[in-house]
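This report concerns only the one structure given below.
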Amino acid sequence: MSTHKSTITLLISCPDKPGIVAAVSRFIFAHQGNILESDQHSTNQQDCTFFMRVSFAEEGFALLPSELEATFAPIAEEFHMQWSVSYSRQRKRAGIFVSKFDHCLTDLLWRWRSGELMMDIPFIISNHPDLEPLAHMYNIPYYHFPVHKETRSADQQRILEFIQGRADFLILARYMQILEPLLVDAYPHQIINIHHSFLPAFIGANPYQKAFARGVKIIGATAHYVTANLDEGPIIAQDVIHCNHRDTAEDLMRKGRDVERRVLAEAVRLHTEDRILVYENKTIVF
Amino acid sequence: MSTHKSTITLLISCPDKPGIVAAVSRFIFAHQGNILESDQHSTNQQDCTFFMRVSFAEEGFALLPSELEATFAPIAEEFHMQWSVSYSRQRKRAGIFVSKFDHCLTDLLWRWRSGELMMDIPFIISNHPDLEPLAHMYNIPYYHFPVHKETRSADQQRILEFIQGRADFLILARYMQILEPLLVDAYPHQIINIHHSFLPAFIGANPYQKAFARGVKIIGATAHYVTANLDEGPIIAQDVIHCNHRDTAEDLMRKGRDVERRVLAEAVRLHTEDRILVYENKTIVF
Amino acid sequence: MSTHKSTITLLISCPDKPGIVAAVSRFIFAHQGNILESDQHSTNQQDCTFFMRVSFAEEGFALLPSELEATFAPIAEEFHMQWSVSYSRQRKRAGIFVSKFDHCLTDLLWRWRSGELMMDIPFIISNHPDLEPLAHMYNIPYYHFPVHKETRSADQQRILEFIQGRADFLILARYMQILEPLLVDAYPHQIINIHHSFLPAFIGANPYQKAFARGVKIIGATAHYVTANLDEGPIIAQDVIHCNHRDTAEDLMRKGRDVERRVLAEAVRLHTEDRILVYENKTIVF
Amino acid sequence: MSTHKSTITLLISCPDKPGIVAAVSRFIFAHQGNILESDQHSTNQQDCTFFMRVSFAEEGFALLPSELEATFAPIAEEFHMQWSVSYSRQRKRAGIFVSKFDHCLTDLLWRWRSGELMMDIPFIISNHPDLEPLAHMYNIPYYHFPVHKETRSADQQRILEFIQGRADFLILARYMQILEPLLVDAYPHQIINIHHSFLPAFIGANPYQKAFARGVKIIGATAHYVTANLDEGPIIAQDVIHCNHRDTAEDLMRKGRDVERRVLAEAVRLHTEDRILVYENKTIVF
């Protein structure tokens, strides 16, 4: 559901027990909030964790941001909630990382300009100078940060210093560099990567060549949050496309590009709309 | 989410205004109900109607069915709700109608026996005797009700007399007869039909031949509630499959059978789980 | 199968009878041609028409273009063939028509520059000036040809005069104007249009609004050759995407854009590779 | 393309060089064969192997089976072909192996009886007695061959002795036993297995549990020929279905059943129609 008026979104996770929904919706109602969307999930397992996303119109809501925090705190405490609040009028700032492939970046920029992705793009960073003209077409600052194997840690340290305070989350739009822990740790569950295979199949380098060698009849792409373990972070979105014996490894790359850009854009959209909660290396997508 | 413990499900529609979710969830919580699933939708249009489906565990809930009704009535009245309640332990009774094609019936019966469809099947009715052995394989009574063009109204009147009180909803599993208003009116939004095309394309008879003649590259199937206008009732589920110039009309029928049975089964599952609300000839599927 | 060496492609249709494949392949072999792809189809109907596409390497083939024509003529005559020959090194020239929507154009231009679409783009024509900057990003001449209802025939006559001799086929990339017969007749089965619905559902204007009003659970897009009857020409490619009650008409437009650009690009690729034969308002796609 | 008249199908593989198609089609034409379908493929790699499937009507063809063999031999020799011939009127005999799950078996039997699968089913073998009633519904002999871990080799030896001469190929319709080399070697590329995951993801036991634990957003199924290495044989067909955080491992099993039975049936259909060639642990599917 798209809406252009500003909304307030609460993301909540806590131990499951009766009364959570009642307490949250009563809180919103009591301060003149009109709920626009509400979704919840409970892991029906031993620990039984409860997750909730609720969004309501900012217009008419009686509490200012600072007041909301203070007023909701007792409820959060009562239910041992981890929670966050976001205002849709405060667009998230997405720092984009690329290397030489331009299909994901082209797609993100077009969707962003057409209004599909409600975010700001303060910068594009690359280890190559190639895509600077594309960034300039859209008037986005482009920074060339070379990364070398031997100095990778120091190189990425410089990147981190540059981006801190400038970006709320990062998008690796086919950034062909492994991130150092210092970067991963600075943006926990805030770095979205697109892997060009249907994970967990074909982890690591050259998945299209591997898919070709294995003779699969479907290829895919996976958007996930980056964690310490390469290609093993929480999966946000996946999609596939059929292929056959006529497809060379090069054809798989061509077909796969369509899937990659679609899946990455979907993951970014979900993230910007605060629709994702991470739980035990999995995602709940409301 | 499947659960084998009995759940209580409320389906609600009413004019949208703040406080509905808070009132409903407070009601459930106040009587020791633990919400398992909750979904809502608001038509962002002039009238602005609000829809809600909420299910909670029967175990532990403090109100008996008769008490629930009485206790919830004031809330329903306050918000001008149309509402219904169902208990998952009370399986709906599905009367199945067939003609000669067996693919949808075979599929429904297999899914039913395997536990995918939580319903009872009190009878199968057909205008042909052909599928009686299949019904007997599953120990379901099979009744042959011939229907003739000239006497259709009277023929279907006899069917109606037979089924009333025995079935909660009807499934037309490729029943090749148009239903008379007397039957349609007796089961408003309680008769599920599978149409072998991607509606609104190819309304009426012989959709595969029409699809072949038009040269489409995809064919589909549509499950919908039967209304007075043929193939124009609220759509519940649709799916498609690709085809090409090599496919004869016969091939389209073969491919289409797979889609038909899958789409019909999905619609039946949604209906048995009280996941469908009808609104202005459209469905809200929670 | 993609190959970057120049290939020769024969497209053949004729009454079906034994010996056609043998004659064609013998012809190619006799002049040192190495067949790279070969596909055929026969309409198993009363008339029984035979269709064939065969491509072979230009390198090593013994006949010059003029010689090929003369040498193949007797075979063509014997079997009453309609046939054409094309050389992949002679890229087709695609004239693109747009209005204000930029998603299809953006996508076509990106695919073209990335090497997915083997064609030249001599010009972009529009009835609005809006997309000129996009054309300039890719260094393609952009011509603004206003079209007015009252003077449409004369307006399009001027367009025709401009494009004749400059384009081999036309792409209507969401060109929101009905083409006059003078244009349609000048490019028989050489004008590709993208219609933003799953034809034959929702012919004509505003298909997303119609789809929203009908409450369908899947929307689609259709690429077809333009004929005299609006949206009734031979279908080249179709695809779909699922939707639900949460999707507003605006959401359907957003989701549909992804399908439109993918389907149009696929149709254009098939056309540039000479993979399409038209037969009785249907396409054979090899 | 389905046809009910008997056809002759040649499957050919050989080193690629010009003239193969010409020689084969000339051979068929010279003996009054009318080609119905013809497909070919060449691996554009160093070795460059050529594959061809051509089918023609048996009616009117001048050579008896024994004559065909003798007459085609010189051509086969000239091009160093590996080749086989099959007559569609000689239906392949499929031996089906099952354990306790009935969804794939139910589906295969229904498709077989409805005429979708052109094969005979001489027997069903199981390591459990459970599915005997299902076999009897379709009048197919059912044999209970218990298999024990400690005596597996001997147990399967007894199975091999039973089936030899009775089946042309084997279908493992969720047969939960690893096949001994003695069985695999007796039916090279003639044993079709359905694995309930999107290979190469989730090889081995309990793929749905693994998929649930990993939090994937799509699950799949893979039909492949059984080789010495578990789940690593040539892939014939694959398909997928979307899932989300609401799906329990049990839900994944339910959704997956639909994909499994569809993919297995497709692979069996392709095999019975001689549409599959195996090449370097991959399949070419014509």
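Residue numbering begins at 1 within each chain, and the chains themselves are lettered A, B, C and D in the order written.
Please note the rule applied: a residue touches a chain if its C-beta (ideal position, glycine included) is under 8 Å from a C-beta of that chain, and two chains touch if they have at least 3 such contacts.
In UniProt terms the chains read A, B, C, D = Formyltetrahydrofolate deformylase.
Just so it is clear, the model here is predicted, and its values are computed rather than measured.
Annotation of chain A and chain B: jointly contacted by C, D, touch as defined at the top. On a Cα centroid basis, the chain most remote from chain A in this structure is D. The copies chain C and chain D differ by a rotation of 180 degrees on their C-alpha atoms, rounded to the nearest 5. Averaging Cα coordinates per chain places chain A and chain C 37 Å apart. Look at where the CA atoms of chain B average out and do the same for chain C: the two points lie 41 Å apart.
Annotation for chain D: residues touching 2 or more other chains are 1, 44, 246, 248. Under the stated contact rule, the graph of chain-to-chain touches is complete, every pair of chains being in contact.
Within the complex, the chain D residues that touch chain A are 41, 44, 198-202, 214-218, 220, 234-240, 244-246, 248, 281-285.
Put simply, chain A touches chain C in their complex at residues 1-2, 102-103, 106, 110, 114, 116, 137, 246-248, 250-251, 254, 258, 262. On chain A, the positions that touch chain B within their shared complex are 1, 3, 16-19, 21-22, 25-26, 28-30, 32-40, 42, 44.
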